[in-house]
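Please go over the structures that come below.
Below are two complexes that have chain A in common, paired first with chain B and then with chain C.
Moving on to the complex of A and B:
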C-alpha cells in the first residue's frame, strides 16, 4: 500500500498550491438587508509533499475558512486551489468525488466529527465505500489503518461512543488515512485533547507524515505545537496572510506586529516553555 | 433489559392510578343512569333502588372499585347498564374500528411527515420550506374540530365521498372486495382529517431536529468525504434526528386515538368515540370507565412502542449514557 505514496523524490514538487483565494459570507439575508463579510482575501501559499504548513492567527482571522475551502467543504468565491495538478476550486461535487480521497480533513472535536451511531468499522469504511471499494478490500484497509494509528483491530466492531477522547481522535485519523490521502487538513485537530494525549497524537501524525510523505495544513492557535510540527509558519490576520516563512525564522525574528503579538501572548501563557528548544525537539 | 422492565412496571402502576382517578372523578360527577327514571312517575322509587342494588351502585366507592378490579381480572371490565352486557366485548367490537382508523392515520402521518420534514430541512429557507412552515403552523393552530367540520362540509356539498358509518346499509349482497372498497372510501375523510393535524406537528419537530443535526460537525465531515445528499440525509442525519421524533410517536399515537374519538363522532364512524359519548351522556358508569381505561391503555402502549423503538435506534439508551447525565 505504501507504493501509493510518492516517496521523497517528489519532495520538491508543490502538492498544494493556493492562489488568490477569497471567500465572503453573506450575513442577514433573511431580514432584507444583506451584508458581505470578508472571511479570506487573496491568500497565497503552497505546501510540498511531506511538508507541514501552519496557519496561525487570532480567532476570526480566517484560518478555518481557508481550511474548509482547501478541503472543499466550502466553495471559494475566487482564486485557485491546485491539488496535485488539478484546480479543485471550482469543481462540482461529482467531479470532486475522486479527488476527495487525496485530501482529508481532521476536525477539532473527534467525537462530534463521527456519526455517533456508527461502529469504528463503519466510520473507517464509509469513505472507501463512497469511493467504490469492495467489502473485503474495505475490511483489509480498516484493519491496516487501525494498526497504523495504534488501535487494536478487534475494536473495529465497537461503537464510536465507547472510545475515549484520544482514541476517538486516532479513529478520526484512521478514517482520514483510509483513502490513502496525499494531504491532511488538521483544523485545530489537537486542541481539544489534554497535553499528554496531544503529544502522543502529534507524534503519531509526525510518524505517519514521514512514513507516507503526506502534506499537512495545520490550523492551530498553539504556537508550541506549531513550532514542533510545522516547517512553514504563516500568520493570518483579518483574512490575509501577513507573514510567512520557515517556522524557526519567524519565531526567532517576527516581522509583523500581529506575529509579535501572538508570540508575546504565547510566551506569557506558557512562560515555562522555551519555544525555540521545543522547536528543535 | 432492565430499561424495558422498569418501563413495564411503570406502565402497570400508571394504569392502576388512572383507574382509581376514573372512579373518583365519575363519583364526583353529578347525575346517575337512573336519574331519568326518577322523573318518571310510573316507576316507583322502590323499583329504582332495587335496580341500583342489582348493579351494585348502592355500595361504597371502595367496594365498587374492588368488584370492578375483580371483574377486570376476568376481562369483563364491569357491566354496562344501558346495553345489559359486560363492557369488554362491547368496547372491543368498537375498538377494532377505532384502531383501524388510528393505525391507518398513523401510517399515513409518518409516510407524509418523514419525507416532508427531511426535505424541508434540507432546503431550509427555500420556497418549499417556507410553504411547509406556513401550512404546518396553520394546521397546528386551527383546532381539529374546525378542520374536520370544514372538510366534512366540503365533502358533503360536492358529494366527493360517501360519509357516515363504515359501510352502506345494503352491503349484504356485496362481495368481499366491494365491501373493502366501501370501507376504504368511507374511511378516507376521517383518516385525512387525522393525518392533517398530526403530521403538521411531526413535520415541524422533524424539520427542527434535522436542521440541528445538519449543522453538526459529523455531517460536515461526511460532506467532506464526498457523501451524496441522499445518503447523507437518510443514513447519517435521519437516524440521529429521529430520536425526538420517535418519542413524539408515543404521544402522537395517543393523540391520534383521542383525536379519532372526536373525528369519529363528527364523521359518524362506528368506533369508540360515539360509544363513549353516548355512555357519558347517559351516565353508563362502567362503560365510561372502560372507555377511558382503554384509551389510557392505548396511550401507555403507544409510549411503550416508542420506548422500544428508541431502544433499538438510540445507542445512548443502551449504553446508559442518558441515565448517567
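Moving on to the complex of A and C:
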C-alpha cells in the first residue's frame, strides 16, 4: 500500500511513514465545556532517505502542527509516525531520547531558538551533551559541522548574539547536523531571511542533503523555494492534505482548488514582475 | 558605526515608493529617522528631513507628536507586537482619533467601524470588541492599517508589512494598501527586502546597500534595466525564484560573499567586495551619484564620475 504514495518508485522503504495523524487542541472553555479545534486530521505521507517532501498551505492549515508532531514536540492524538522502523507517535520522553538524534528541527527564527548567552560551541554541543558524547568528541564534531555550514571554526567561541541573521540560521543548521540526523524538519526555516541569504541557505541545504542523503520535511508558504527543493509537494487545507504529487507535476497541473489558489497568487505577483523585468532576460 | 550615509530621497504626493534592501542595510533606520523615532543612542550627524518645507529634525517632540499618526503614520512589521493585548481593537483604533481629532466617544465609535469596514472587515461591530489574540495574523495587520489611516495621513510608512504573511494574505494586504492610495491619495513608502513586491506595487524604487541608496528610479525601468551591479544581481536572483522554470534540486544563483558588516568602515564602494564588475578605483574611494537617465541615479563608477 505504500506504493500509492508519489515518489515511492524510488528504491528502498520509507525513512518516515506517517499514517492517519490527527491532533486536536483544546481552546478555552465555554459554559463549562471545552472547545476542541482540529488542527490536523488523518494525514498520511512518507519520505525516503535523500528525499524532500514539502507541506504548503495558507496560515492555519495545520502545517506546523504536522511538523511538531513528526519531531515529537507535540504528542499526536492518534495515528502512527514510523521513523526508521520505530513508531514514535506514543513514545514517552525517556524512550524518545535516543530517537531525537535521528530527527532534528530547524525553526523560522534562529535567534529565538538559541540561548542568547551561549557561545556557538555551546549551542552546537548541547544536543551532543544530552546524547552523552565526550568532551573531545563534542569539540571535533562542532569544528566539523561549523565547516560544513560554511562558518569559520574560529567563531566557535563567539556569543550567538554576534552572528547575523543568516549566520544564526547556519548555526541552527550546524546544531541540527551535530547528531548526524537522518531527517531534518524545516519549519519555515528560510522565510525570515533576505532573498540572497535565503538562496545561500537553500543551496547549502541542497548540498548537505546530497552529501548525507538526509530526508527533509519542508514546511513553507513559499512556492518558489518548494519548486526547487522538494520532490513531493503536498498541499494542506483545514488540517487535511488535499493534494499530493511530484512537485513539478502539481505545479504544472494543480487539481485542487486550494492548490490552484496558492499557485495563482504566486503567479500573479510574478507575471507583473516578469512584465517589469522582461527586457533583462 | 554609521547606519546611513548621504541619503537623498524625496517622496512625492500619492506615490508608492519602494525602499528595497537586505536586512542591516539601514532601511528601517531611515524610516525611524524620518519619524523621529530613533533610539536614544542614535545621532543624526548631518542632513535634514523636510516635510512641507520644514525640517522635522528640528521639531520639538511635542510638535512631532501632532504630525506622527496624523500626517505621517506608520505600519509596523509585527502587528502582534504593536497591538495592546488587553485592549479591544476598536478602542485601539479609536485611541489614534482621540489623540488627534476632537470628537465624542459615539462619533469615534462610528468612525472606527467605518475604518474597520474600509480595511475589509464585513462585520466591523463584532471586530470592534475583539481582542488581538482572537484575530488571525492577516486580520491584525488590517487593524494596524486601520489605525494608521485613521487620520487620513498624507504619508504612510510601512515597514515590511507583508513579510510575515503567506502568499494569499500578502496579495490581500497589498491590494488593500493600493486601494487606500487610490481612494485618498495617500503616499506610501514601503520598506521591504522583496523585489517582487516592489516591482508589482511601487511606482519608484530606491535600492539600499550598506547605508546608501545605490540606485533610484521608476520601478518599471529599474527592474527592466537594472544598472547598479547589486541591482542586477538581485533582479537575477528574483527572476530565478519563480515557481515555473527551475527543476527540482537546481541551485539558486548567488550573490557572492556575505552581507556587509555594518560596523566595518570601508574607504571604497561598499559593494566592491561582492561585485562581479569591480574596477581598480572601486576599492579606493566612494563613487558619486550619477544620472545616466533623466529619472534615475546610480551610485557606481561604471556610469562615469
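Just so it is clear, the second predicted complex is superposed on the first by the 255 of 281 C-alpha atoms of A that agree within 3 Å, B and C clash if a C-alpha of one lies under 4 Å from a C-alpha of the other, contacts with A are read in each partner's own complex, and residues count from 1 in each chain.
Following the convention adopted for this analysis, a residue touches a chain if its C-beta (ideal position, glycine included) is under 8 Å from a C-beta of that chain, and two chains touch if they have at least 3 such contacts.
What you see is a predicted model; the values in this text were computed from it and never measured.
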Fill in: Superposed partners chain B and chain C on chain A - clash or fit
fit
Worksheet item: With both structures placed on chain A, which of the two partners, chain B or chain C, ends up touching more residues of chain A?
Response: C
Practice prompt. Check whether A:142 is in contact with chain B, with chain C, with both or with neither, and answer first, second, both or neither.
Written response: neither
Discussion item. Under the stated touch criterion, which partner chain does A:72 make contact with: chain B (first), chain C (second), both, or neither?
Written reply: first
Discussion item. I'd like to know which partner A:219 touches here: chain B for first, chain C for second, both or neither.
Written reply: neither
Item to complete: Tell me which partner A:202 touches in the superposition: chain B (first), chain C (second), both or neither.
Response: second
Practice prompt. Give one of first, second, both or neither to describe whether A:112 is in contact with chain B, with chain C, with both, or with none.
Written response: first
Worksheet item: Just chain B (first), just chain C (second), both, or neither: which does A:251 touch?
Response: second
Worksheet item: After superposition on the shared chain, which partner residues are touched by A:231: those of chain B (first), chain C (second), both, or neither?
Response: second
Worksheet item: For the superposed model, what is the least distance in angstrom between any CA atom of chain B and any CA atom of chain C?
Response: 5
Discussion item. After overlaying the two complexes on chain A, where does the chain B footprint on chain A coincide with the chain C footprint?
Written reply: none
Discussion item. Help me check something: in the complex, which residues belonging to chain A touch chain B?
Written reply: 30, 71-73, 93, 96-97, 100, 104-105, 107-109, 112-117, 126-127, 130-131, 159, 161-162
Worksheet entry | List of chain C residues in touch with chain A within their complex | 22-24, 136-138, 163-171, 193-197, 199-200, 219-220, 223-226, 232-255, 258-259
Worksheet item: In the complex of these two chains, what residues of chain A are touching chain C?
Response: 58-60, 164-166, 192, 194-200, 202-203, 206, 210, 221-225, 227-231, 247-248, 251-252, 261-263, 265-270, 272-274, 276-281
Practice prompt. Show which residues of chain B lie in contact with chain A when the two form their complex.
Written response: 125, 216-218, 220-228, 236, 239-240, 313, 315-316, 319, 321
